[in-house]
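Order as written gives the chain letters A, B, C and D; numbering starts at 1 within each chain.
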Amino acid sequence: MEKETVRIEGFSDAVFAIAITLLVLDLHMPEENSVKNSNDLLIFLKNQWPAFLAFFLSFFSIFIMWVNHHKIFKQIYSRNSGIMFANGLILFLVSAVSYPTSLLARFFNGEASSVVVGIYTGTFVLINLAYNLLWFLASRNKTLLRPGISDVAIRKIQNNYLYGFPIYLIALIFSFIVPAVALILILGLWIFWALSSGKIEMGIKKELETEI
Amino acid sequence: MEKETVRIEGFSDAVFAIAITLLVLDLHMPEENSVKNSNDLLIFLKNQWPAFLAFFLSFFSIFIMWVNHHKIFKQIYSRNSGIMFANGLILFLVSAVSYPTSLLARFFNGEASSVVVGIYTGTFVLINLAYNLLWFLASRNKTLLRPGISDVAIRKIQNNYLYGFPIYLIALIFSFIVPAVALILILGLWIFWALSSGKIEMGIKKELETEI
Amino acid sequence: MEKETVRIEGFSDAVFAIAITLLVLDLHMPEENSVKNSNDLLIFLKNQWPAFLAFFLSFFSIFIMWVNHHKIFKQIYSRNSGIMFANGLILFLVSAVSYPTSLLARFFNGEASSVVVGIYTGTFVLINLAYNLLWFLASRNKTLLRPGISDVAIRKIQNNYLYGFPIYLIALIFSFIVPAVALILILGLWIFWALSSGKIEMGIKKELETEI
Amino acid sequence: MEKETVRIEGFSDAVFAIAITLLVLDLHMPEENSVKNSNDLLIFLKNQWPAFLAFFLSFFSIFIMWVNHHKIFKQIYSRNSGIMFANGLILFLVSAVSYPTSLLARFFNGEASSVVVGIYTGTFVLINLAYNLLWFLASRNKTLLRPGISDVAIRKIQNNYLYGFPIYLIALIFSFIVPAVALILILGLWIFWALSSGKIEMGIKKELETEI
């Protein structure tokens, strides 16, 4: 069976790549007149730390999402309207990430801190839902998947995204109590994913080898 | 016969992907000084609703156009100057969509509402004409198309785009009477297209299978 | 012989696609407060005509350059440092086009008109030189080219770019006398190229068929 | 053995292409009111020379990095979490280059000169470390590399990046003494790389031919 999803993957890759590279536009420059010497510049940059942190966080979050997108589409061989729609939703949210990142960068240090962390975390709750939706729509019809995929592999991928949901929700609640904790929670989740996704893949690789 | 249009499709995909991802730049941030607490920020975001709506509308309109572009080029195997020109026109208009989207986002809530909805709808009238032109130039010379394509399939694709024209025109007229109705009309058209394009493809898939 | 230039072409295509899509960012929006009704907006848009013209001109100039790039690389099978460098120069200039376009958009209507048209035309003189350099470096060593390419085809491609040089130079001179004539000249050249490049390709296609 | 890194290369290429093309956004335009005649415009552009220099430097630095990335990944056939992470780090730094470039463009001519040159040079120290890390992680496990790669080739690539480190460090030190010398040093290093990378490739090509 030929893989039908090549052009979708190419288009999605491009959207991920652009979204990740546009993040740098959220790093602002000091006005020319406001900087008279090295010291002014260093102070300006030091005060920009939430912007640098937000840039770093959002870059690696989109990077991990891309890795996961890649991983899911390696298992999807056919497409239907549902998959197209769920993938469109993921791309929509990924392309939007730079906006909550900007808000976080600008207002984390201030009174509106919990609102911007809440919006930031909320975006990732929605992205998590979209990934769950994509895998739900793809995996409930095994004719869309890689021929010979095992139920164990399907369930492993599903669990990987399901686990994320409650953690993002907890992070969302923490946004309104201790905003910094929310950011640490989702950072922890991304590190976990970066490590675990390697393991899932290893498992699937072994499965492929055993088949042959 | 080898497909000659691979690099055109790759280039077009990239333009679609960039145009769709640049839309987020139309979401504006509040000035740092204008936001003193969470409330100020929430009010600012609430007043931005036309920008969020415009972002959403334009994202999915470009996404559906991309799906349709993909669908048309699956049937085109050779190219000539006419196809290059019509495709260039489509890409030009797609890359321009973010400008009427910005106008809509900024001035929908105000006196200039009908002008910005008219420009927005007018852009899609032009895009519809460009798609009709592309398919007209490609389909009048069957040697350019996928070998073995049936006349039924050609006509189905043609009708799909022709139907859009009067609806966009009606939307354009409504822009100057009740602007909101114009937006609802084109949203309805996109939902119809999202659903119908799936059916057309199914039909063509069956055709391909019957051939073999 | 395997074609070695696939990844260069992919990278170049991406740069062309991004450069062409970023042009829309040069279309500016009116300030929210400066527009009180439909009339204000229409007047603003009418006064923006040089920006729309510049957007249109630059979009199609980059599009034609992409078509020509494509055409040249269909004949190049190997690469060396010279080709990499000449191609890098082309990409550098293409990515820079949006800056002279911005200048043209903003200052065409005013005292600085001849300077901005001169910079705009000068950019295309440089791009023309870079294309000539690329083809010179590729064609002087026939082992880099498509096996079996005829000397007639090599000369035809060469002439196509050489002819452009004096015309761009004349346009550059006119920039300082009657700026509008300069723009009309380069527009004419692009239309000529759009049409003639089709013919060159037809010739090469026939050549390929005769070989077989 | 099938090459597993195709989609990583495609994604990386896209990030490089976008990062390189976004650099033009750092070239600023004069305010419409501040330019009354040709002379004002020419003076503005003349004063912008650090921005043009920074644009030129950063464009070719990213271009050379892309060539090197390409060269490394031609030798990597499998991937693991370490390679994904090191590559992610490279892409993160590449996408960030436009920010130190902006700083350089805006503040090179002034009191903060040494700070901005230091940040600019420091970014390339980090990028050099990331390339060394990538090659270290890939080459310590020969099962990840192109089957049949010689130890000589591995060492040659390694040395190419190791040599860069002390030179970037020296440039970093000079940033705080004579900033202009730092820029000249890294420019020299890039020219050396542009030339030497051609030679390394020639060596590897010969190796491939001898094998067959």
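Going forward, a contact is a pair of C-beta atoms (placed from the backbone, for glycine too) under 8 Å apart; a residue touches a chain by one contact, two chains touch by 3 or more.
Computed from a predicted model, the values in this text were never measured in an experiment.
Interface note: chain C and chain D, two copies of one sequence, contact each other through mostly non-matching residue numbers (shared numbers fall below half of all numbers used).
Note on chain B versus chain C: their Cα superposition corresponds to a rotation of 90 degrees, in steps of 5.
A separation of 26 Å divides the Cα centre of chain A from that of chain B. Chain centres here are Cα means. That of chain A falls 37 Å from that of chain C. For chain B, the set of residues that touch two or more other chains comprises 10, 14, 18, 22, 25. In terms of which chains touch, the assembly is arranged as a closed ring, every chain touching its two neighbours and no others. Those residues of chain B that touch chain C in the complex are listed here as 7, 10-11, 14-15, 18-19, 22, 25, 80-81, 84-85, 88, 91-92, 95-96, 98-99, 102-103, 106-107, 110-112, 114-116. Partner chain B is touched in their complex by these residues of chain C: 9-10, 13-14, 16-18, 20-25, 27, 29, 32, 35-38, 40-42, 55-56, 59-60, 63, 66-67, 70, 194-195, 198.
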